[in-house]
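Common to both upcoming complexes is chain A, partnered first by chain B, then by chain C.
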Partner chain A sequence: MRVEYVNPFVESAIQVLSSTVSEYVKREELFLRPKMCPAMGVTVIVGLAGQISGRVIIDMSRETGLKIASTMNDETLTEYDELVVSTITELANMITGKAVTWLTELGFQFDITPPALFIGDNIQISGNNVEVMVVPIELPQGRLEISIGIKEK
Partner chain B sequence: MSDSIAASNLNYKDLMQRQQSNGRFVSAGSQANKKSHEYDFKIVSFMLGQQYYAIDIMAVKEIINASRFTRIPNALDFVMGVLNIRGEIIPIINLAKMFHLESDDAADVERQIIVIKIDSLSIGLVVDKISQVIPLHKSDIQPPSPLLGGINERYIAGVAEINSRLYVILDIEYIFSDKEKAKHSTLPQDTDLNEEFFTFFCNQTEELANVHINEFNREAFTKIYVDYAKETNLTQMPKLDGATAQNMAAKFASQYTGVMWDKPYTDYFTEAVIRHLATVCSDEIRVLNVGCGSGYEAYTLYCLLCDQIHGASVRMLAADSNLSSISAAPNFELSSSQIPSWISKDKYFVRLGENSYKIKREVTDQIYFEFHNATNIESYNRVFDLVVARDLSLAMSADDFRSFLAGVSSKIVSGGVLVLGDNEHITELKGFDKVENNHLIIYRKN
Partner chain C sequence: MSGEREEHNQGIKKDGTPYKVLLVDDSVFIRKQLAQILTSEGYEIVGQANDGVEGVDLYKKLAPNVDMVTMDITMPNLDGISALEQILAFDKKAKIIMITALGKEELVRKSLMIGAKNYIVKPLDRNKVLDRIISALTK
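== the complex of A and B ==
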């Protein structure tokens, strides 16, 4: 993972989450996974294209997803209805979008694809041998893992 | 000895009850466990200090309460003594102390002890409070995160969150096979190099300096240990503090680690590596520099290659797993005293102020700095002519390092060169010829 890419993703995640979900955002230490990983229950995938190819995966438990959606909508949501799904999808869009804007300012040409949301147990995500950087984030609503895998062309 | 025999009152009944009540919340907590009897294995959980830990129940022989262990003179500080259980003498180890965790170690209080059996050896582990037996699914266990702190990450089999409580599952077999020597509670008498001291020295260095000592670097650490023993006139178990351990690890480091390389090392390097590369490479030299830190090594290599092979373009991939140092690498700045005389300041640096220089943009553009931990070399979809990976064995377990070497072997072109640390010892590397002169050992891909 090219070092210039690291900060925009980390910073945008923190900025977006702290302004939309909770001001108590705690980032834990970044780490690398050799491959894509098992998912926690609710997963949003945003593709990256342009001078590179890759994807951003935002992963959380069902409970965390509901709590985040509840906070963002300022009402108590209890099941995965359309509102919850589109809220979480939008959150992923905001995080990735901001990072990509930032990278464009630094001179890297990136585009993002529309996010896709998956809900289910025992999902495994596998990428074609791309090393993944994981940004673990602790929120009062629960834990998020943002995995970023980028392959240079 | 007889007064140390403990009442071996087994708490099975209590544990069974707890487990039943426990089965309920586990099945409620995890959607994968619909029924409480569906589990892969069970763990025994206990407290050390304020935290919950657990071990696989299959290693546990029994649980006893005891006090008044028979003390052993001159024993390691985490060995509380020995205990006679139905005729078998077992060592009692204070787990909290072994891992440098805070715990109360008053000798006379009755303590809960988990007796474990590894191979044919029984060991008693003193813990602060045994809590429960928990049935688990493999999928409930997450791999340990490097953030856990406290107990060295390598001793941890995984982490499970149950009922919003985090259990750190210890890899008990690994701990005691690793500390093999430490389980004997008597000390040898001679003060020369002996294995017992050395193993302990290695364990402390590994834990405190956060390095790995393995088959690839043990030989050098043996020498470092001998020097240390002579210097401190070692007569009892070595007890390193953090700074000493760091210092020991620093002694292992190759020449010019963390600074720009200078003569004569650069001359040796040119002689052994670059002359050869010049005959193999065409106009582009592809370099992989793993463990480049904040860039000293990468920029030195770049300057050296450009100076020595005229008209060649150098493309380099420089990687490190330390995010803060690698992030600083693209904006590399030096004071003029840090730039050795062989490097042309005008050619490679921009003068920022009185005394400070910054690397030129053209140079940085040729080097691709990457946050990477070397366990996934296969993911690179390109090949290299030169791989420089000095002292990487310190940062990886033996298995990881072995797979790293295998990965490098598949990514290096025939005739390409691999350079490892000065003190790293590899007897034979498959697919490579070891070329050794007085100053440098390199590996040439055949």
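== the complex of A and C ==
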């Protein structure tokens, strides 16, 4: 997978998280994901379809998700109600939307599916034979992992 | 560029009554953010809808007591562009401002061609939201 697919998602995530969650955003070293990997508790999946296809997964613990949603809403949220789910979904929307704009400017034509959010302790994410790069991001609220798996048609 | 706002009455008309706004968005988070920004400036939120179908129905019920509609572009059941068309078919003077994430530029252009007054890109910035809303209201 070409790194030029990965960078827009990483840069977008850093910009969006910096403006909506915390000024302190630390990107860690990216790594390749094994074919099957347990999710951390809260997982948002966005599909990509068109000239390139694949998916972007934003993964975090339940606690981190609550802390991020609390920060973005400026109030303490303690359970996964409609507001928390909506907030995390919207965060994923903003990150992927910005990245899509940059990739479109580079000449790639594709669309994204609305984010789907999963919450659970025993969810496993399949790589589906697509090379997946994972970029960990540290925030004061906890750790996010952004997984990008893209293949060209 | 917007500076710090010192007055908090942008949402009040010259006759002292508030501009009435209908929020149409499937995201509770975005509706909450918009409501907080707008009510802090004196706007009145007269209704909130979760998708385009509810938005069109609510507009028809509330009209003419709606000065502005904020309309998300991507929604289930009926998307924002179709809802925009239906509201404008019902009331050609309706003032509708589109809300979108980046990456939907083509849809924004289409909305403006159809008759949307302006658009706002997420993440929502308070000053930009207020500037775009007042600009659309006075167009």
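Throughout what follows, the second predicted complex is superposed on the first by the 150 of 153 C-alpha atoms of A that agree within 3 Å, B and C clash if a C-alpha of one lies under 4 Å from a C-alpha of the other, contacts with A are read in each partner's own complex, and residues count from 1 in each chain.
Keep in mind that, in the parts below, a contact is a pair of C-beta atoms (placed from the backbone, for glycine too) under 8 Å apart; a residue touches a chain by one contact, two chains touch by 3 or more.
From a predicted model like this one, the values you see are computed outputs, not experimental measurements.
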Clash or fit, chain B versus chain C on superposed chain A: fit
Partner chain in contact with A:Val6 - chain B first, chain C second, else both or neither: first
Which superposed partner A:Thr20 touches (first chain B, second chain C, both, neither): second
First (chain B), second (chain C), both or neither touched by A:Gly97: second
First, second, both or neither for A:Pro34, with chain B first and chain C second: first
Geometry of the superposed three-chain model: angle at chain A (Cα centres of chain B and chain C, steps of 10 degrees): 160
Which of chain B and chain C A:Thr89 touches, first, second, both or neither: second
Shortest CA-CA distance in Å separating chain B from chain C in the superposed model: 24
Shared chain A surface residues [contacts with chain B and with chain C]: none
Complex contacts: residues of chain A adjacent to chain B: 1-4, 6-7, 28-32, 34-35, 38, 121-122, 129-131, 133, 136, 151-152
Chain A residues within the chain C interface of the complex: 16, 19-20, 72-73, 82-83, 86-87, 89-90, 93-94, 96-101, 104, 112, 114
Chain B - residues contacting chain A, complex: 31-32, 139, 145-147, 321, 323, 326-327, 329-330, 368-373, 375-376, 378-379, 381
Residues of chain C defined as touching chain A within the complex: 27-30, 32, 74, 100-105, 122-123
